[in-house]
Amino acid sequence: MIRFNCDYGEGAHPKVMQKLADTNFEQTPGYGEDEYCVQAAELIRNECKNNDISVHFIVGGTQTNLIVIASALRTHQGVLSAASGHINVHETGSIEATGHKVLALPDEGGKIKAHQIEKYFLNHIHDESFEHIVQPKMVYISNPTEYGTLYNRDELIAISKVCQQYGLYLFMDGARMGYGLCAEGNDLDLPLITECCDVFYIGGTKVGALFGEAVVIKNDALKQDFRYIIKQRGAMLAKGRLLGLQFIALFEDGLYYEISKHANQLAKRIKTALLEEGYEPFFPSNTNQQFFILPNNLLSKLKEKYSYSTWGKYNDTHSVVRFCTSWATREDAVSALITDIQSYAKNDL
Amino acid sequence: MIRFNCDYGEGAHPKVMQKLADTNFEQTPGYGEDEYCVQAAELIRNECKNNDISVHFIVGGTQTNLIVIASALRTHQGVLSAASGHINVHETGSIEATGHKVLALPDEGGKIKAHQIEKYFLNHIHDESFEHIVQPKMVYISNPTEYGTLYNRDELIAISKVCQQYGLYLFMDGARMGYGLCAEGNDLDLPLITECCDVFYIGGTKVGALFGEAVVIKNDALKQDFRYIIKQRGAMLAKGRLLGLQFIALFEDGLYYEISKHANQLAKRIKTALLEEGYEPFFPSNTNQQFFILPNNLLSKLKEKYSYSTWGKYNDTHSVVRFCTSWATREDAVSALITDIQSYAKNDL
Amino acid sequence: MIRFNCDYGEGAHPKVMQKLADTNFEQTPGYGEDEYCVQAAELIRNECKNNDISVHFIVGGTQTNLIVIASALRTHQGVLSAASGHINVHETGSIEATGHKVLALPDEGGKIKAHQIEKYFLNHIHDESFEHIVQPKMVYISNPTEYGTLYNRDELIAISKVCQQYGLYLFMDGARMGYGLCAEGNDLDLPLITECCDVFYIGGTKVGALFGEAVVIKNDALKQDFRYIIKQRGAMLAKGRLLGLQFIALFEDGLYYEISKHANQLAKRIKTALLEEGYEPFFPSNTNQQFFILPNNLLSKLKEKYSYSTWGKYNDTHSVVRFCTSWATREDAVSALITDIQSYAKNDL
Amino acid sequence: MIRFNCDYGEGAHPKVMQKLADTNFEQTPGYGEDEYCVQAAELIRNECKNNDISVHFIVGGTQTNLIVIASALRTHQGVLSAASGHINVHETGSIEATGHKVLALPDEGGKIKAHQIEKYFLNHIHDESFEHIVQPKMVYISNPTEYGTLYNRDELIAISKVCQQYGLYLFMDGARMGYGLCAEGNDLDLPLITECCDVFYIGGTKVGALFGEAVVIKNDALKQDFRYIIKQRGAMLAKGRLLGLQFIALFEDGLYYEISKHANQLAKRIKTALLEEGYEPFFPSNTNQQFFILPNNLLSKLKEKYSYSTWGKYNDTHSVVRFCTSWATREDAVSALITDIQSYAKNDL
């Protein structure tokens, strides 16, 4: 079985593993107060070209989402999200468990637009029963989105302006940030994201680390006491240096970008092969996640040798599925998949 | 200004007020452990023709909703509701504040259907990531709904069967129960509702009382420790007898039904007048709430003398508005409204 | 049975009842946005000699406590309270249910002292693991306390100063405020309390109203969006005017103070009689609650005719009990109790 | 600087690291549904001599505590704990953040006793206001405790019996389980703990792993849907196999016990040296944590070369401090510490 079902099927990039092995017997203070976390934060400040940001390291994405949101909102406030957003669909109500409603906006390919946010906000404040409705106070976007699509520069700036105008915090989930930044056609970079967002994170779990997300907080109001909340939600790793060390490995010499490009290139090979066979993408993506509408008879063949994610039924004969590549995906695995797609396609359709 | 904007614009029915006045100097135990609450519970058990139900009295509807739901669900479970349901839209995220997600289903005129519930449940348990999604465990319906529409016998029984089959609790919000039970064409009654639901409540606030909702719990699993949770959520009225007394007044001689009929009859007069002028109902209702699509120029005239609720913009020239009657609405107020509608309609359109 | 077990055994003062009856058929907007609530708030601003305070009316004390605290604190913050404080002991964990820890300080007769607060705060910020500990951010005191005792001017000012110095909100629970303000030896008044506290409330439920607490918010940071949170916690009374009307009755001509004095005078008669018989107070009180250490054989006689609260076992032969008077307590009821105490005491001991 | 301040100052035991390195490029399903987690669970079932237990792997201790407790309790229920218990003191109110009160019992050296639990429970159910008080439903103990002390067989069985008699869940925090099981004088073992507890965990973070706690659930009522709650609280590690692999390394050949013994032996050397110099233990411990009352002038010397934890001031001249050993502590580090203690003691006192 060759796995294309997700981007967290293997361990970590060898350079990450090496860093952990090299430092294994060193003694450091716990809870992220060690020198490695300091260094890693510094590397990230350099990437963002901003010396005033706070950087914290957290083990996983759901944790990070719930901590950032619970930290920022008062009890009557909610967070706007694409209906397909991870916090709205795939985190078992973790945000609601902290007491906050996720306010879902209809999305296209995982993306929401500045004017939707503005309209929602204005409707809220003009509603005669506004106090009977959750107050929107934060906007959650992910980039890449759940469908591997990307915001562009203009879209992000527009969202940021609306948020600033109406006092909404802008929070970007960057669990797959690397794959987005290194995608063909992408025009975002970390300095711009830092400028536009109040808080965001740079994902490690899906981009070369064993685990770990680097939270970047720009808005001073959100910086205060953040570590208390990390601890309260059970997310303060005792051996916090493990997080710092991994992010050093990822950012000290550009490894993060290099492996992201690798994954995107392999994803492009799969995409190209599927397009050439005449299959339709569910949403067009230049990142490591490729969603396609495929015939069930092709899939029943493929699944004998390959794993993929099933997103849902498309119609009686077709399904929406996802193929994922990662830093760890091998060229020959992709070649085998493509060969089989081509061969099955020829015979079956 | 004559008010048709809601059904809680006045105090209480004179018989309710009299009951409070007559007993004012009596000394009773607090917190609902008095004889009047016992009597009122007994009256409600008679109405429901079920001696095993637990009956509790709570001041308001939002409180009741959040207490029932927080009492029934484990932390990872959510409650299915019509998207337009009160708990999803008009209670400032009170359910989420207890940690639970409201799982919204598309609705028609405020109603959801048995097959929607079944489909949602089956999709959930068959999803490969089911543990990453809130577990549906309760179904919340309201009767009458937010739009004044009603479930019929077959629909309620079908929903109840689905809930029983899949282990879902069925909870009916009956904030306007009286107006539903006494509506033309209604075929529900309290014994059937008791049979079909695990828990429901009979609203007093909008049907003749100063305040108060009578919660009826049939499912034994939901009875345990319910009073702890009433107290925890700040809903255990110190002078609990005030609730018992009001429900005695409403149910000792059929007052609850009598005043509900009164309100429905007046609502029908308004509805008939609007229909005769050619206006379209937003959803057809036989209860005390009438939602109509009315021209803005008519509304701008009406609002000089009458209040109503604005539900939203329909199009550039029309709005959806609600007229409400209640136990307290006077015949002459309705006559005046109708005369004015007829006169404005003649002149303006 | 004559009841001395609590101060919420009867309905409301006749002037309160009259006000409700007089206005019963008036139509007003709901949710506390009526003219009566505006008037009542104005009366309370006058009592407090402060025009900038926000005033809100809430049905009960537990609700009020949890709303004020949930409104003020971020998720990692807690509230300091006397260990015997109502929120720590008698509200079924309502504060914890909003996510916040009650940080209990040892108290004497229900009171905590400025230096305890200061010490706790300084210990916290100097602890090497401070981020692993709930951050103290609010101080909850009640006046009168759970034991009917009172803070004096110097004590309150000292607590207020410590709170201001360290950025802690000071919140006074005044469920029995009237009995405190009218007690012999009291040197507090509402203007001073307003000056010292960030937020407090003036209790109606136990002082002449059917129900109702008037929340006074002085600190601007705590005013914002307070009504959202009232709604979210199920505490926005549909017929909100009932609260405004009752507070008008209590404050338009000094009724609140008059009936408080009445209760205190009757409590003093009971206290004097018990002291004269040689019984010891558990804590000395000049308010409507009298805690005494009484022999069990006396109590077994008394309970045939009178109810009282049992606070706990004192030793094998004695118990701590509470006698409560209220606006409604009759002189002849107190006389009967005293006569019986004197007669039993003579015979039994 | 040689660190004795905690038992999580280094990385992981080399065998653990090797296991991670050996499997790094393997592809497995995520979220703990891989073969390694299955194997690790099987190893733990063998250790516990019980095939019916559920085993789950979670990254850290605070997470584990809050997940187990939030999973088990209804909203009005609380958890009894030693006042010094980790959940009551050092987890930033993580339990309260899930809505539940920690009910603190006075403890001696971190331990609570069966009769305290029984008395608390009986007081609760006999209290006339029992519904106004959090309902005790779970008992949390840790073994070793916060002070390194241990429960013995009789104590644990007595607690377990009380819990069973009154329907309380018994939960043991075993963050340092290995150091307890391998301590001199210990008479507990995993099968007995499994028999006595409804749920407990075996700590990896402090005993040789990079991170990880193995939760063992015996009570069927607590097994249901546990993985939903792991996900909801952000604790479902994407690369879940990392947890399984580490526990395989720890339990496949007794490494867990071997390294625990090592730590205890080194702790004993420190303890013996301190006792020989006449210093007094704060609480006597045979595990890897040694709490002693030491003179401040000795400490000011020691801290130039060694780190330790300061627990608090003992008196004006002495402090309570903790020395910790672990699987990673070196013999020569302990020898150096002892030599210095002996030398300073000679000169300074």
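The first chain written gets the first letter, and so on, giving A, B, C and D; residue counts start at 1 in each chain.
Definition applied: contacts are C-beta pairs under 8 Å (C-beta built on N, C-alpha and C of every residue); 3 or more make two chains touch, one makes a residue touch a chain.
Just so it is clear, the structure is predicted and the values come from calculations on it, not from any experiment.
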Components of the interchain contact network lacking chain B: one piece
Interface numbering overlap (same over half, different under half) for chain B and chain C: same
Relative to chain C, chain with the most remote C-alpha centre: A
Inter-centroid spacing, chain D versus chain B (mean Cα positions, whole Å): 50
Approximate Å spacing (C-alpha centroids) for the pair chain B, chain C: 34
Centre-to-centre distance between chain B and chain A (centres being mean Cα positions), rounded to whole Å: 42
Sites on chain B at which at least two other chains make contact: 75-76, 91-93, 97-99, 131-132, 135, 228-229, 231-232, 236
Residue ranges of chain B in contact with chain A within the complex: 75-76, 78, 89-93, 96-102, 128-129, 131-135, 309-310
Residues of chain B that touch chain D when the two form their complex: 31, 70-71, 74-76, 98-99, 131-132, 135, 225, 227-229, 231-232, 236
Chain A - residues contacting chain D, complex: 1-3, 5-6, 8-12, 14, 17, 20-21, 23-30, 59-67, 91-94, 97-98, 205-206, 210-211, 228-229, 231-239, 242, 328
